[in-house]
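Each of the two complexes below includes chain A, the first together with chain B, the second together with chain C.
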Partner chain A sequence: MTVTSLPAKAPAAGAPPGPTRAPRRRRRLGYERRRAAWLMLTPALIHLTWWIGIPVLATFVLAFTHYDVLAGTVTWAGLDNFTEIFADETWNTSILHTVVYTFFTVPVAMALAVVIAVLLNAKMRARAWYRAAFFLPHITATVAIALVWMWMFEPNIGLFNAVLAMFGVNGPAWLSDPDFAMAAVIVVSVWKGVGLKMLIYLAALQSIPPETYEAADLDGASGPRRFWSITLPLLKPATFFVFVVSMIDAFQVFDQVYVLTPDGGPANATTVMTFEIYRTAFSEFRISTACAQSLVLFAFLLVLTVISRRLTGKDDDAR
Partner chain B sequence: MRVKPSRVLLHLILATGALIMIVPFAWMLISSLKSHAEISAYPPVIWPTEWVWSNYPNAMGFAPFGTYFRNSLLIAIGHTVINLALATMAGYALARVPFRGRSLIFMAILGTMMIPTYTKIVPQYLIAKGMPFFGGNDYLGRGGFGWLDSWWVLIVPGALTPFAIFMFRQFYLSLPTELEEAARIDGMGEFAIFGRVMTPLVKPAIATVALITFENSWNNFLWPLIVTTRDDLRVIQVGLAAFQQVEKTEWAYLMAGSTLATIPMIVLFLFTQRYFVQGFATAGIK
Partner chain C sequence: MPRKASLHMASQTSAVTRRTVLGAAFGLGVAAAAGCGGPAPSSSTDTGEVSGTIRLLTPIFEGAEGQKTLEGLLATFKQKHPKVTVEVDYTTYAKLNEKLTTSIAGGRPYDVMLMGVGWIPPFAAKGVLADLGESADGLTSRFNKRVVDPGVYQGKVYALPIMLDTRFGIYRKDIFAEAGLSAAPKNFDELRDMGRKLTKREGGKLVRAGVDILSNDLRQTFLPLMWANGGELFTPDGKVAFNSPASVAALQLMTDIIVTDKSEDFGYTQPGAATGIPLVQGRAAMMVGHNNVWLEIEKNAPDLVKDGKIGFFPIANTRAAMFQGGTLGTVAAKSQHPAAAKALVQFLADSDAALAACKQRGNVPALKALESSEYVKANPSVQFAMGNLDSAFSEGGVPAWLEIRGDFKAAIESALLGKKSPQQALDELAAKATQVMARS
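This part shows the complex of A and B:
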C-alpha cells in the first residue's frame, strides 16, 4: 500500500525541535504533544476496538463453541459447527452460487470497466458527463435501484420483456424463473459495479506518462495492439487492486440478492453465502453456526486475495 | 501521431454505454409519475400522457416515507459529523506526533480496513443486544434488548470508519512542519494547532470523507435491517424493502419511494462530483 512507504514527516521522538531551546522545555513539549496525541487518538481506538476488534475475535471464538443465546452460556465445540454447516445442503449450494455469481460478475465488470476507462482517458467533449453517467449507479442505494430493476424485469408488463417482444423473443419470467434469476442478479451487479472499477482504472491510466507510448507510435502499433502490449501490463497493479476489491465485494453481495430475490429466490436459486449467514444468525438465531459460516466466507476471501497477489506480482503499491 | 479511432465512433460507443447506465434512473422517474392505467399497460407506455404527481403523497399514505426519509437523514448527518470529528483527530495524531507504538497502531487500523463486514456483524449485533443498562438489560447486559431498536445502535457502531482515519492521516502527512512549529513558537496549544492551523488546510479531505460517509450511511441496508424492527426507526432503504414485500404490485408507488431514496444522493453527487471522484479514485474503497 502507498501508506506504509511514506516517510514520517515529523521528527523522531525526542529529536530537538530547534537548536536554541533548552532541554527541559523540549522534554516538556514532547510530553505535551504525546499527551495531546493520545487524547485525540483514544476515542477512535476505543471505537475500533469495541466495534471491530472484539467482534472479529468473537467471530473466531464463537465459531468453535456452542453459544446458547437464551442461557448465555458458551461451551467448547471444536469443529462441530463446521461439520454441521457442511452437512447442510443449502449452505453448500450457497457457496456454489456465490462462486458462480463472482465468476461472472467480476471479470465481466472489470473488462467493461477497463475498456470504458481507456476510451474515457482522452481529452474530449462531455468527458465529465460520461464519467458521471458510468459512476452514478455506484453511489445510488442498492435497495432502491434494485427495485427499479425488479420493475424492469417484471415478466408481463416490464420493460425488458417488452423490448424482447419487439424482436419476437418471448422473455422469461426472470426473477421468478430458477434458470434466469441468478443471471438477472448478475446483470444488475455488473451495471452497478462497473463505475467504481472504471474510476480506479482511470486514475491509474492518468498516471501513465504519455512518453510510454512513443516507441509504440514509432513502430506504428495499432490501437488494440498498444492496449494489449503497453496499457494492460502497466495496469497490472491497478488490476490486482480492482480484482481484490471487487471479489471481496462480490463474495459479500447481499442487498440486491435480498431485494431482487427474497427468501433465496425461486427454488433457492440465488441463495448466496451472505444470505445464509443472515438467515442463520438473524432469523434462526443460531449464532455459532452463523459465525462458522462467516469464517468460511472469510477463508475464501483470504485465499483469493493471496492467490491474486501471487498471480499479479507482489507489489500492489502503485495501483 | 498515434492513430485515433474516429471521434464519432468513440462518442457513439460512450453515449450508448452512458445511456444504458441512465435508463433505469429515467424509467424510475417516469414510472413514478404514471397513472394506474398507464403503468399496467402492455406494451409499456414510454412517455405518459398525464403526469400523476399525486403518486408521491399517495405513496406516503401507504408507508411513512417521510419518517423513513427523516431517519436516514438524521443518521447520515450524525455519522458524517462524528466520523469527521473522531477521524480528523486520530488521523492528525498518527500523522503529526511521533510516539512509541504509532506505526503499530497505524498498521492495526489498516488491518481493520480490510475486515469484511461478515467477519464482524454477528458479534456486533450481540454487543448491541447485550449493552448493559439499556433496553431492560441488567449490569451484565442480560435480560433485555439492549441497544436494539434504538437510535444508539443506528448511529454509534457505524459512526467511525478506519477509511476516514486513513484518508486524514495521508492528508495531514502532506502538510509542511514549519506551519506547526511557527504556531508553537507563537505559544499555541496542541489542540489549537490541530483545530485552527492544520485542519483548515485539509478541507478537500474533509469534503471527500464527509461525502463518502454520508453516501455510505444513506445507502446502508444490512445493519439497520437487522437491528431495527420498529416502523418509526426504519431508515428509507429498509422501509422501501419492507414496503415492496407488502405491496408487491404498486409499481408507481414503489418507484416514487425509490426516487425519494435515490434523488438526494444523485443531486449531491452531481454537485460535488469532483470530491467523490477524487475520494474513490485515491482510495478506491467503498
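This part shows the complex of A and C:
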C-alpha cells in the first residue's frame, strides 16, 4: 500500500487534500463499511436470536424446571425431568429405535449412493435423466411420498402384497405389524435419502483426476481394483461429509415416521426420539419433559459430530 | 459550492436519510409489535351489543363440506352480531392438543375452543377456561344431561354442549342371515362364537372379519367392552381402576378375537383406513363403531340402507354399555372479547347451528328440542344412540386424563400382538397413569 508508506508531513495551509488526509478518510470509510455490514447483518442476527438463540436457551432452562404450559407456572425441578425420562420405557425404546433406524438407513443409503454415483458417472445415454430421477425423491414433499408408499404398503390392495400374492405369499400388514413397520419406514427413508448422497458422491467423483485412472489402466488394474484402490479412498472426504450429515439427519427423522405410522406405529414399534419429544410436548402438555428429551437428543448429535469432526480433522491433517 | 461544504452536506444528507429510514423502520417495528398484541379489549358496548374479532378453534366441521357448513352458520352469526368477526382455525380431534398447546404457550389462546368431553376438567383445573356463569340445572332442562355434566367442573359450567357421539355394535343383517344367525350377540361368549362363525378366509387370507374391532379407535373400542364387563376407568375417589379383573377380561376378549379366534387379523384395517370401513364393503360382519358410520353407509352403500341390512346392538356382558363422547363449546379465560366469545358458543350450541353440525358429522344432537327433528327421525344410528343413552359411559373424569389417554393405544396393541399379556399391559399402563396423576 503506497499511501501508508509515505512519510508523515504536515499539509500546507490551503493546500488541496493530499495523501495525509487519506488515513482519516479510510478510517471513515472503514467505519461506514462496518456500519453497513452490521446493518445488513442485523435482520439475520435478529432472526438467529429470536428463532434459534432464545428457543435453544429456553430449552436448556426449561429442561430443569416443571413448566405447566396450561397453568403458566414454572418451578425449579433440578434433574427430575432427566430421571423421569430415563425411567420411561417408551423413551428408552425410542432411543433404541432411533439407533436402529440410523444403523440401517445411513450405511445402506451411503453404499447405494456410491454405487449409483459410480454408475451414473460413466458415459451412458440419458445419463442426466437418470440422475434427475434418483434426485427427485429428495426434492419431493415427504408427506406426498409417504402417502404414496402407504398405498403401496396397504395389506389388502397394496402393490407389495399384490406382487407377493403372485408368488403365493400372503404379505404382512407392513405398517401395522411391529415386526415390519420399522423396516417399511427404513425402506422409504433409504429411497428418499439416496438422491442427495448420490449427488455429493457424483461431485466428488468428478473431481478425481482422470490421470489417476489412466495410470492405473497402464498398470493393468481391473475395474473392481480401480474402484477399491482409487475411487473409494479418494472419496473419503466426501464420505465423511455424507456420513456426518446423514447421521444428524437420521437422528432427526420425523416426518416420514409421523405420516407412515401415526401414533408411533403398532405398539410404539416406530417411535423415534423426535416423535416422542413431539408427543410429550404437544399431546401430553409436558413441555419440560420434552425439553429434557431434546437435550438428550442434542447430546447424541453433539457427540456424533465431535467424533466425526475428530476423524475428519485427522484426515485433513494427514493430507 | 466549495468541495468541503459540498461533502459535508452530502454526508449530512446521507446521515439524515439513513436516520429517517432507521427511524421509520423502528416506528414500523413498534407499530407491528403493537399490532401483534391484537386489538384493544372490547367485547360489549353500552347497548349490550357484542363486538371484536374472535378466534375459533374447531375439531368438528372437517373437510370442505364441514367448512362450507360452518361458513354458512357464521354468516348467520354475523347477521346477529355485525360487530363480531370470527377467524376460524380448523383441526381434527387428533391434532387438537397440538393447536391448544401452541396457542396457550404462545400467550394467545383461541377465544372459543370446541373440545371433547374429556378435555374440560384438565383445562378448567388449570384456569384455561372461563366460567360461563350458567346454571347446570338450567342447562339440563334444555340439553341432554349426559353431555351437560362433562362441561361442569367443581360446580361451575365451563362448556355448553353441542353434540354427542357414541360407539356401539353395528352388524350386517344379511351376512348374519346367510350364516343362520338371527340376532346380534348379547354377551361376550356370543360375540366370540358369532365372530368365529362369520369369519371367512380364502387360501388363508382373511376376506371377511367376523368381528371388526380395529376400524374404531382402539381405546374407544376397549372402553365400552370394559364397561360392559363391569369395569371402570377410575374409582369414585379418582384412583386408577382400569386394570381390574373385569377390565383385564375385556382386553382378553379383544386379544382372543385376534389371536385365538382369528376373527380379524391385526393390520386388516385401521381407523380412517383409505380402503374404507370393512363392514360397509361386506369385509366384516359386525364391528364396534362410531354412530357416524351411518353416513358412510348412506354414501357408499345406499342399498344397505334401503334394504334394512344394517342393525345395531349395545355391547353387553354383565351390563349393557355404550361409549359416549361429545363436543362442547368453551371460552378462554384470557379471551379479550369474552362477551363475543360467549355469544358464539351460545350460537353454536343453539338449535340451528347444532342441527347443521350434527347433520354434517352424523352425530347425536345435545339439545332436547332436536330429539324429534326430521334429521333424527331419518337416522336409525342416531335413534339407536339416543335410545341407549341410559347405558352410556364417558371417558375422562380426572385432570390428568389428557396425559393418560394417549398411552392406551400402545398398551392395547401390545396385548393384541401378543407382546404382553392383557394383565401385564394394563398393569403397566395403570402404573404409568398413577405416576402421571400423582405428578399432576
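The criterion applied here is as follows: the second predicted complex is superposed on the first by the 282 of 319 C-alpha atoms of A that agree within 3 Å, B and C clash if a C-alpha of one lies under 4 Å from a C-alpha of the other, contacts with A are read in each partner's own complex, and residues count from 1 in each chain.
Just so we're on the same page, contacts are C-beta pairs under 8 Å (C-beta built on N, C-alpha and C of every residue); 3 or more make two chains touch, one makes a residue touch a chain.
This is a predicted model, so every value here is computed, not measured.
**Q** With both structures lined up on chain A, is it a clash or a fit for chain B and chain C?
**A** In the superposition, chain B runs into chain C.
**Q** With the two structures laid over each other on chain A, which partner does A:Ala281 touch: chain B (first), chain C (second), both, or neither?
**A** A:Ala281 sits against chain B and chain C alike.
**Q** In the superposed arrangement, which partner chain does A:Ala173 touch: chain B (first), chain C (second), both, or neither?
**A** Only chain C; A:Ala173 stays clear of chain B.
**Q** Quick one: is A:Pro237 in contact with chain B, with chain C, with both, or with neither? Answer first, second, both or neither.
**A** A:Pro237 sits against neither chain B nor chain C.
**Q** With the two complexes superposed on chain A, say which partner A:Pro43 touches: chain B (first), chain C (second), both, or neither.
**A** first
**Q** For A:Ile157, decide between first (touching chain B), second (touching chain C), both and neither.
**A** After superposition on chain A, A:Ile157 lies in contact with both partners, chain B and chain C.
**Q** Considering only touches as defined above, state whether A:Thr90 meets chain B (first), chain C (second), both or neither.
**A** second
**Q** Please tell me which partner, chain B or chain C, touches more residues of chain A.
**A** B
**Q** Looking at the overlay, what does A:Gly264 touch: chain B (first), chain C (second), both, or neither?
**A** In the superposition, A:Gly264 touches chain C alone.
**Q** Quick one: is A:Arg34 in contact with chain B, with chain C, with both, or with neither? Answer first, second, both or neither.
**A** First partner only, chain B.
**Q** Taking the options 2-10, 20-28, 92-100 or 128-136, which segment of chain B carries the C-alpha atoms that clash with chain C in the overlay?
**A** 128-136
**Q** Touching chain B in one complex and chain C in the other: list those residues of chain A.
**A** 72, 150-151, 154, 156-157, 262, 281-282, 287
**Q** Considering the complex alone, what residue numbers of chain A touch chain C?
**A** 68-72, 89-90, 150-151, 154-157, 170, 172-173, 175-178, 262-264, 266-268, 279, 281-287
**Q** Which of the residues in chain A end up touching chain B in this complex?
**A** It comes out as residues 1-4, 6, 8-13, 15, 17-18, 29, 32-38, 40-41, 43-45, 47-48, 50-56, 58-59, 62, 72, 116, 119-120, 122, 124-126, 128-145, 147-152, 154, 156-159, 162, 165, 191, 194-196, 199-200, 202-203, 213, 216-217, 222-223, 226, 241-242, 245, 248-249, 251-252, 254-255, 258-259, 262, 273-274, 277-278, 281-282, 287, 290-291, 294-295, 297-298, 301, 319.
**Q** Under the definition above, what is the set of chain C residues touching chain A in their complex?
**A** Interface residues on chain C, with respect to chain A: 94, 97-98, 101-102, 104-105, 122-123, 126-128, 203-205, 265-268, 270, 274-275, 402-403, 406-407, 409-410, 413-414, 417, 419, 428.
**Q** Under the definition above, what is the set of chain B residues touching chain A in their complex?
**A** Checking each residue of chain B against chain A gives 1-5, 7, 10-11, 13-15, 17-22, 24-25, 27-28, 31, 39-44, 86-87, 89-90, 92-100, 105-110, 112, 115-127, 142, 156-157, 159-160, 162, 165-166, 169-170, 173, 175, 177, 181, 184, 189-191, 194, 215, 218-219, 221-222, 226, 236-238, 240-241, 244-245, 251, 254-255, 257-258, 261-262, 265-266, 269-270, 273, 276-277, 280-282, 284-286.
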